[in-house]
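Down below are the structures I want you to see.
Presented sequentially are two complexes of chain A, the first with chain B as partner and the second with chain C.
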Partner chain A sequence: MDRTEVYTRLASVFQDVFDREVVLTDETTAADVPGWDSLNHITLIGTVEDEFDVKFPMKDVVGMKNVGELVDKIIELSA
Partner chain B sequence: MVFTTLEFILFFAAVFVVYWALPSRARWGMLLAASWFFYAWASPYYLIFLGVTTGVTYLVAVGIDTKRISRTWGGVGAAVITIGMLVVFKYLEFLFANVNWLMGAVGVHASLPAVKLLLPIGLSFYVFQSLGYCIDVQREIVPAERNFFKHALFVSYFPQILQGPIGDYGRLAPQLFEKKSFNYEQAVFGIQRVAWGFFKKVMIANIIADRINPVWSAVGDYPGFICWSAILVLYAIQLYADFSGYMDIACGCSQMLGIRLDENFQCPYFAKSIADFWRRWHITLGAWFKNYVFYPLLRSGALTKLRKRLKGTRTRSRQAQPSRNWLANTMPTVLALFVVWFLIGLWHGADWSYVAYGLFHGAFIIIAVVLAPLYDGFHTRFPTLVASKFYALFQMVRTFAIVTMGYAIFKPADLATTGEILRQMFSAIDGGGVYQIQYTLHHSFIKVFAWIALMFAVDAVHYTKPNGTIRAWLRRVPLPVRWTIYVAGLWLMVFYGEYGSGFEQFEYFKF
Partner chain C sequence: MTIHHIGYLVKKLERARLAFEALGYGVEQETIRDECRKVDIVFLSKDGYCIELVSPYAPDSVVAGLLARAGNSPYHVCYEVDDLDAAIERLRDARYVVSSEPAPAPACGGARVAFLVHPYLGMVELLEKAG
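Moving on, here comes the complex of A and B:
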């Protein structure tokens, strides 16, 4: 799976969770996406896991800094 | 040993001098000895609890790290033993009373004894701190500390052991053991912060407490909305000055030793919502519950299954079923929030009033989560209004009013008294109530408003420019002006502050 495909599917997950279109880049953080706070973080992570059929360890759930790291992790886990 | 006492000032002065006089490698050992001495000062008997917590969490963390015990069972074991200790010493009487009541309600006679054990001071804080560390080791976020005494210092570091902030191992531990040289600027910043904490405690918190403490045992004497609004607002200010003043002293002392503690407050009464309030008030407690309760709950099998079931069959055309998505995304969060706020309430104390206090705040957060689509619609429809300063001010006042109402549950720690306060508050307006509160505060109280205004003015500066602007400004002003401010501050505290016998306690010690 390449990064472009991950980004396309991820954009759809973000729209699903936050109910709005979001432009994602490697540098996008929670502060850039309205509604992405600690209350919604796990819902987002769970929906990403469903979409890509992966399971993030808790270390990554609490430690990922931006969308770039999320994409790296998805590619790593689905390899 | 309480921060606002002469013995603490002497103790800390000695620690500060010896700490920087020692070679770097010997400093952490000295800090451990000082921390144990500090904690044993209240009662040597407390060292048993500190020792058990330190020993258990050390063995579990090392056991998990060396794979001698499984990650799951290690985490469960640490939680059961440390939280178990907390249950026995903090909640046993409450638990037994409720079991007796429950059995009575179903017609079975039960008479578990009313066991009231002495709660070791700070237990709720260092149990949470060391349990959080074990979970971080279990999650492979940090490695286990193999040196028992280094682990012991992390658990017992004296500036934070009695009342927090609840430390994060990854941020705190490296600072405790790293080599560092004395930094004059950091030491001065630390002293300034300690002085600011003393100012809040002796010039604001103690004076308000002195005036309004009699109110809580004579609630019926104070009728009317204006009267109770004044009392609750004053209590809100007292609690903030007390708790954040303590944190300023803790963080300031630690900064003087070259160790930065996590911040516990960030202008909480400028919050625009209850969720925002809890990101600014007792930050380390909220972060603890988020990391170790809220997130694991939402990732549990039961809530994950619920989310999937509510969402139904996976489909690419998600937009076709927005209401289903909303329910699937919202319902598990609401259930997890309910549990978390129940527990945050209970963490404060063994009484249903504390549970009610937690759920009171939780209810507003849950309502905000459920109504988020409505809020979003409002924000989209009126962007100019939402971006205006007027709207921000409205949000702050609204949040402060809710938080202040919550103190009618929190302060009395007794739901019957809370009910009486509400009855008095919403009884027919009685001029006598206003007179009564004026009499209680009495004329000399008026000058305290200047100190309260100063405290919030400093917060307002930090709110708009969050990077320590005032201390940087103080550093730039000419030496005579700076020293005039220092001497005036000290003079005010010594001659106008309220301290000494009867004022040693901080509000959060009882938790």
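Moving on, here comes the complex of A and C:
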């Protein structure tokens, strides 16, 4: 799975979780997305796990700094 | 795994308690402050059902954001389990994500609890049986 495909599917996940269209880049952080608080972050992770059929280690659930790291982790776990 | 209580998030604890008492609920346990989660908690019961009133006392409480977003409302069901770590492991496979790792809960006699969130269900609490 390449980054383009991950971003396409991830945009759909963000739309689902935050009820809005979100323009995602590697540098996007929680501060850029209204509603991306600690609780919605957990919902986001669960939705990503469901969409990509992956399971994040606990340290990664709270440890990712931006969308770029999330995409890297999805690709790593999908390999 | 059995249902232990329903968690009810409220802005004003004493007012909410009076509102439940008007419905016939009785206090099971007086107010306890959980300084780890920065919430005040009261347990009430009626007809064998237990309600946990939860009210954040600080803006950085773990549930302050949820209260601001959802208002006064039920927000989790707590399930009592024999083995907390095994239950978490099993639920991880069903897409539950741990939002609050196992820790002692002052309002539950120091028993370990954990909170998990499912993307299509919301929050659940797991409470480990004593002993």
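One rule holds in what follows: the second predicted complex is superposed on the first by the 79 of 79 C-alpha atoms of A that agree within 3 Å, B and C clash if a C-alpha of one lies under 4 Å from a C-alpha of the other, contacts with A are read in each partner's own complex, and residues count from 1 in each chain.
Everything that follows uses one rule, which is that a contact is a pair of C-beta atoms (placed from the backbone, for glycine too) under 8 Å apart; a residue touches a chain by one contact, two chains touch by 3 or more.
Since we're looking at a predicted model, the values are computed, not measured.
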Which superposed partner A:57 touches (first chain B, second chain C, both, neither): first
Most chain A residues touched (candidates chain B, chain C): B
First, second, both or neither for A:39, with chain B first and chain C second: both
Partner chain in contact with A:66 - chain B first, chain C second, else both or neither: neither
Partner chain in contact with A:12 - chain B first, chain C second, else both or neither: first
Shared chain A contacts, counted only where both chain B and chain C touch the same residue: 17, 37-39, 42-43, 45-47, 50, 58, 61
List of chain B residues in touch with chain A within their complex: 139-141, 275, 290-291, 294-296, 298-299, 304, 307-308, 314, 316, 318-319, 322, 325-326, 329, 332-333, 337, 365, 369, 372-373, 376
Residues of chain C defined as touching chain A within the complex: 62, 65-66, 92-93, 95-99, 101, 117-120, 123
Chain C-facing residues of chain A, complex: 17, 37-39, 42-47, 49-50, 55-56, 58, 61
Residues of chain A touching chain B in the complex: 12, 15-17, 19, 34-35, 37-43, 45-47, 50, 57-59, 61-63
